[in-house]
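Shared chain: chain A. Partners: chain B in the first complex, chain C in the second.
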Partner chain A sequence: MSSENVSLWDEFFKGIGRMNPVYVLLLGLCSSLAITTRMENAIVMGIGVIFCLVCSNIIISAIRRFVPEDVRIPVFISIISGFVTLFGFIARAYMPAIYVALGIYLPLITVNCNLYGRAEAFAQNNPVMPTFMDGLGIGAGYTLAILGIAFVREALGFGEIMFQDLAQFTIKILPFQVGVLQQPAGGYIVMAGYLISFTYLSKRKERKRKEDIAEERKRTMENRVKGVN
Partner chain B sequence: MEVSIGPHIRGDWDTKRIMLCVVLALIPSAVAGIYYFGYTALEIIVLSVLGAQITELIGLKVLGKPTEFDGSAMVTGLILALILPPSAPLWVPIVGAAFAMVFFKLLFGGLGKNIFNPAAGGRVFLLLSFAAVMASFPAPGADAVTAASPLASTGSYSYMDLFLGNVSGSIGETCKLAIIIGGVILIALGLIDYAVPLVYALTCMVIALVAGADSLYHLLSGGLLFAAFFMATDYVTTPITRRGRVIFAAGLGVLTMVTRLMVGTESISFMILFMNGLVPMIDRFTVPRSFGQPKKERRARKNEQ
Partner chain C sequence: MAGDLISIAIGAILVNNFVFARFLGLCPFFGASNNWNNSMGMGVMVIFVMVCSTVLSWLVDTFVLIPMNARYLENLVFIVVIAVFVQLVEMIIRKYSPSLYKSLGIWLPLIVVNCAVLGVVTINAGENYAFSQALVNGLFSGIGFMFALLLMATIRERLDLMGVPESMKGVPIAIVVAAGFSMAFRAFVGLI
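What follows is the complex of A and B.
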């Protein structure tokens, strides 16, 4: 039981760190650039992706033995688009302002590479429980990634964090606005900054790991030599 | 394939010397800007140059590259200051210069590897971010009076005022006499190709003529001449061959005049960045004929196919 738990949590956490969909797999970049002008939009977009990803992942994983290889793509797409449409209706009913702000990017969750990528790469080959955790993890990773971009863009670009729909408050952060961050170019700049730091950190980690392995090997060799002597 | 025209022998003109000569050529414009717009223009110029220089020093240290002074950051800072409005608050040149150096030069790999003109990039960043402070131009000699720049109120200035720079505009862009002096210095030293400003100016004038606008007025207003001499001739971000440079200048002229006549505002910095992006393509289509290769070989081969 315990070993199974560990591996399930690993499925969850890999989506946030090691296999972060935006910063490591570079999937779903279009929406992460487009809807990150406001934190609020990013939260709703993140919830939408988590919801659609988890639900469609579960279904795809559950029916994976009955879907013929040749028609898997239309099957996956119809399942995903069903949930996206559902979420679209929910958002339209309860959060009309955000629904308008997200615009085309909400229906476009259907073709978000993350959803199809997880269906193809994970859900169709794995049982329901790991698939559920994988979807949750990737969705959470995506949400955290776009929240990171949206925070920088809103805090610096508008000089304030403003919530209108989910909650109602405004936090003043800067006395001025860096207007370029409200625009698409700013999205690219912020995302590039995150990508640079993410890549730098993971490279450093990798290097450290290799050094550790080399050190370990050296030590065992020395021990072995000592043992022989 | 790398395109580079021969001869490939190195002369005694190193980067530092060239950059200091460019600074020398920019000094008339700077002096004219200080003369017309007063002490604030001097402050902006100093802060911009210092901002660029210090940012480059820190950036090179962080990247672990040699931090030898080569003057290129100074040129970027100076050009950026000269295309800023004289009424800009003092943090504007510092922020702009730092952004230009980090995002348009250091992150691309430093001098020689930046595909976009850093000064133009810095100005575009400032314009997109702080439109309010970047779009107000004071009248020369006055502190608080904002005047319409010549392009915004066509025909309200005499040619002589435009030529001498007694109009509102960016610090170094108003005095055409000083710009031309600087440009002539650069051409006389053989540092820039006279074809670039010539083609650029002629393209603009012809388009203005065809469109029924006052072509001399267009030539003498806005940042056209400054960009022609100091930004369209940047070594790193413009094509290598003369044919390429002529295409570059002509394209720049078309874009400049199209935005002036159809949009009504001027945005030469945007156009410089746009044409910078096309440079690799221009370079690819203007590979010079190798020595000994027949002139019509390429065309003949095309016909065969």
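What follows is the complex of A and C.
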């Protein structure tokens, strides 16, 4: 039982770190660059993706034995699209300002590569429980990633963090604005910054591990040579 | 009327370029822009699918969804139309022209989940475009996407020969280049 729990948590955490959808798998880039001008939009987008991803993953995993291989694309995508439409209604009713700000990117969650990607790569081959954790983890990883981009873009681009719809407050951060970060180019710049630093860190970690292994091997060899002598 | 169409066309290629201003279709953009041939294949396929699905979804929207007062189902109906159409095209090409299938067909399944196609259809529906406007928007958005792909491919082919730092190889440096293009395309905003 305990080992099963461990593997379920593993499914969850791999989405945040090792298999982060935005920085490692490079999926769902469109929405993560387009709607990250404000933190508030990013939060709602993240909730939307988690909701649609988890729900559609569960359904796809539950019906995986009844879907013929040839028609799986239309079947999966209409399940996903159903949940996206549902989330659109919820957002329109309770967060009208954000619904307008997200614009076409909210219906486009349907074609967010993460959702279809997880259906194809994970949900259609795995039972419901791991699929649920996988969806939750990938969704959380995606949300954290876009929150990171949105924080930099809003804090530097507008000089303040402003919430209007979910809560109402404004935090002043800078006395000036870095205008380029509000524009589409800003999304690419911040994304590139994050991506380069993460790649650099993971490469360095890997190199260090390889050096450690080499060191270890050298030491055991020396010990063995000493032992023979 | 003609002026209106021209401004839609220029808007779709330059001002609201799908890749550099609207952030649509980035996954295939970074995936296929690593060389000229892939970019050509992907671009041609995207233009074709975009134009056809614009026409199909305009027909469905105008003659089925609006009379039945069911526009809230747009998203679901459009994506099914696109998916079915693409699957059909794949089957036809595979049956009648295996050589074409070999060179272009591999891009087809990817295009279903390309946000650019559903994006252009959603924009058309949201703006309530007439048929001619929707067609022009679909065609020139596709051309704009292909233009972006080819621009990127020329740069990335050269980048392969340069000494790029190890942690920037591949996609990160491509994103840096895209940031530059995006800033340059910002200059077109005053055009329309």
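Here is the rule we go by: the second predicted complex is superposed on the first by the 214 of 229 C-alpha atoms of A that agree within 3 Å, B and C clash if a C-alpha of one lies under 4 Å from a C-alpha of the other, contacts with A are read in each partner's own complex, and residues count from 1 in each chain.
Here is the rule we go by: a contact is a pair of C-beta atoms (placed from the backbone, for glycine too) under 8 Å apart; a residue touches a chain by one contact, two chains touch by 3 or more.
Keep in mind that what you see is a predicted model, and the values were worked out from it rather than measured.
In the superposed pair of complexes, A:T110 makes contact with chain C only, with no contact to chain B.
By the touch criterion defined above, A:L195 reaches chain C but does not reach chain B. When both complexes are overlaid on chain A, the residue A:G88 reaches chain C alone and has no touch with chain B. Look at A:C30: by the touch rule set out above, it reaches chain C but stays clear of chain B.
Once the two complexes are laid over each other on the shared chain, residue contacts for A:A185 go to chain B and to chain C alike. More residues of chain A lie in touch with C than with the remaining chain of the pair chain B and chain C. By the touch criterion stated above, A:P127 is placed in contact with neither chain B nor chain C. In the three-chain superposition model, chain A touches both chain B and chain C at residues 180, 183, 185, 189.
Interface residues of chain A, counted against chain C in their complex, comprise 26-31, 33-34, 73-74, 77-78, 81-82, 84-85, 88-89, 104, 107-108, 110-113, 116, 180, 183-185, 187-189, 191-192, 195-196, 199-200, 203.
Residues 103, 125, 128-131 of chain B are the ones touching chain A in the complex. For chain A in complex with chain B, the touching residues are 176-181, 183, 185, 189. Chain C contributes residues 20-27, 30, 72-76, 79-80, 83-84, 87, 109, 112-115, 117-119, 122-123, 126, 166-168, 171-172, 175-176, 178-180, 182-183, 186 to its touches with chain A in the complex.
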